Amino acid sequence: MRPDGPGLYDFTREAQAVVARSGVAVGLATCFVRHTSASLVIQENADPDVQTDLMAFFRRLVPEGDPLYRHTDEGPDDMPAHVKAALTSVSLGIPVGEGQLVLGTWQGIYLFEHRRRPSGREVVIHVTGEEIEHGD
Amino acid sequence: MRPDGPGLYDFTREAQAVVARSGVAVGLATCFVRHTSASLVIQENADPDVQTDLMAFFRRLVPEGDPLYRHTDEGPDDMPAHVKAALTSVSLGIPVGEGQLVLGTWQGIYLFEHRRRPSGREVVIHVTGEEIEHGD
Amino acid sequence: MRPDGPGLYDFTREAQAVVARSGVAVGLATCFVRHTSASLVIQENADPDVQTDLMAFFRRLVPEGDPLYRHTDEGPDDMPAHVKAALTSVSLGIPVGEGQLVLGTWQGIYLFEHRRRPSGREVVIHVTGEEIEHGD
């Protein structure tokens, strides 16, 4: 993924596509982000204000320029990014049923980017389970 | 589940029963909540004050009526609910051993309800692994 | 594990060794801590200041001696430990590829000990997947 700044990046469709390609009918999908300054969240996908508010909350809870931090040489947004990642998730296990992620109606899967100038972000999606059987 | 307001609702017994019915001896159980204003936590099941204190902490950390929020039309407890869900978990992976969840002595699995008037809450439990072999 | 006080204890090497012993080439590893006053985090393994800052943040966010708490008879560091555990993770699902955890370059897996005088801590690691095939 190529986030261009702090924000929530929806990859629900991509994750569903990975599940579909796997052929798994009933099983488990695990999304894992290979970084420590971005994270994963499942959040409401209806009103975009939810995402704006969520980011505003985390920005206030974990402010930049906090005199608490010693680790400052990678920029003022780096240590807050690590803290936000610890407060959310790096991996999400989502059951698969009928060949799809069993997400609720209002659930979207997001990369939560915490840095201002992120490089490319890698999310690994692992799917396991019983495959759909096809008759001959 | 039918929570009747904010609180921690223990479903450890139900989860253990799902594992038992699956016949899996060694494997992995994944609990997943299909909502964005309730979440899952594993917490101490001994002193009920732990749950009271935990809720009090989250209520103070993520107060209602916060002027930060734009998303207010679903009620003053809705946006705080989304934030609390992001701060805790929507999915929990728990290994299975000897046909049971390998929970520690003091660990209970809870639905963490954040809304005052929730509707029914759905938790999906997926179990995978090697089944117990029965001799003939 | 035998933590001797609050801190982040790296067990990446031990987790990789469990995966190697399992013989699984492609699959999923789940780390699960069987306690409610310690937790798990994946964090940067390069600059030790990141860990110091992370602990400082959590210590300030969830202070000891908070008049909010009723559950105080197990010591002033017990209820903050439960809250910190709820804010981070008890389980981590990490995909396995080429016989190894697919961790990013800067990701280490840590037991996050929250208590001053912890007893031994048990982390269960479950690995599932397809084993490496060996030619004859």
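Order of writing sets the labels: A, B and C. Residues in every chain begin at 1.
We adopt the following convention: a residue touches a chain if its C-beta (ideal position, glycine included) is under 8 Å from a C-beta of that chain, and two chains touch if they have at least 3 such contacts.
The structure displayed is predicted, hence computed values, not measured ones.
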Could you say what rotation angle superposes subunit A on its sequence twin subunit C, using C-alpha positions and rounding to the nearest 5°? 120
Does the subunit B and subunit C pair touch with the same residues on each side or with different residues, judged by whether over half of the numbers are shared? different
In angstrom, rounded to a whole number, how far apart do the mean CA points of subunit B and subunit C lie? 19
Find every residue in subunit A that makes contact with two or more other chains and list them. 28, 61, 87, 89, 92-93, 128
Given the complex with subunit C, which residues does subunit A contribute to the contact? 28, 30, 32, 34-37, 61-62, 66, 68-71, 79, 82-83, 85-87, 89-93, 122, 124-126, 128
For a test of understanding, state which residues of subunit B touch subunit C in their complex under the given definition. 27-28, 41-44, 47, 49-50, 52-54, 56-57, 60-61, 87-89, 92-97, 102-104, 106-107, 128-129
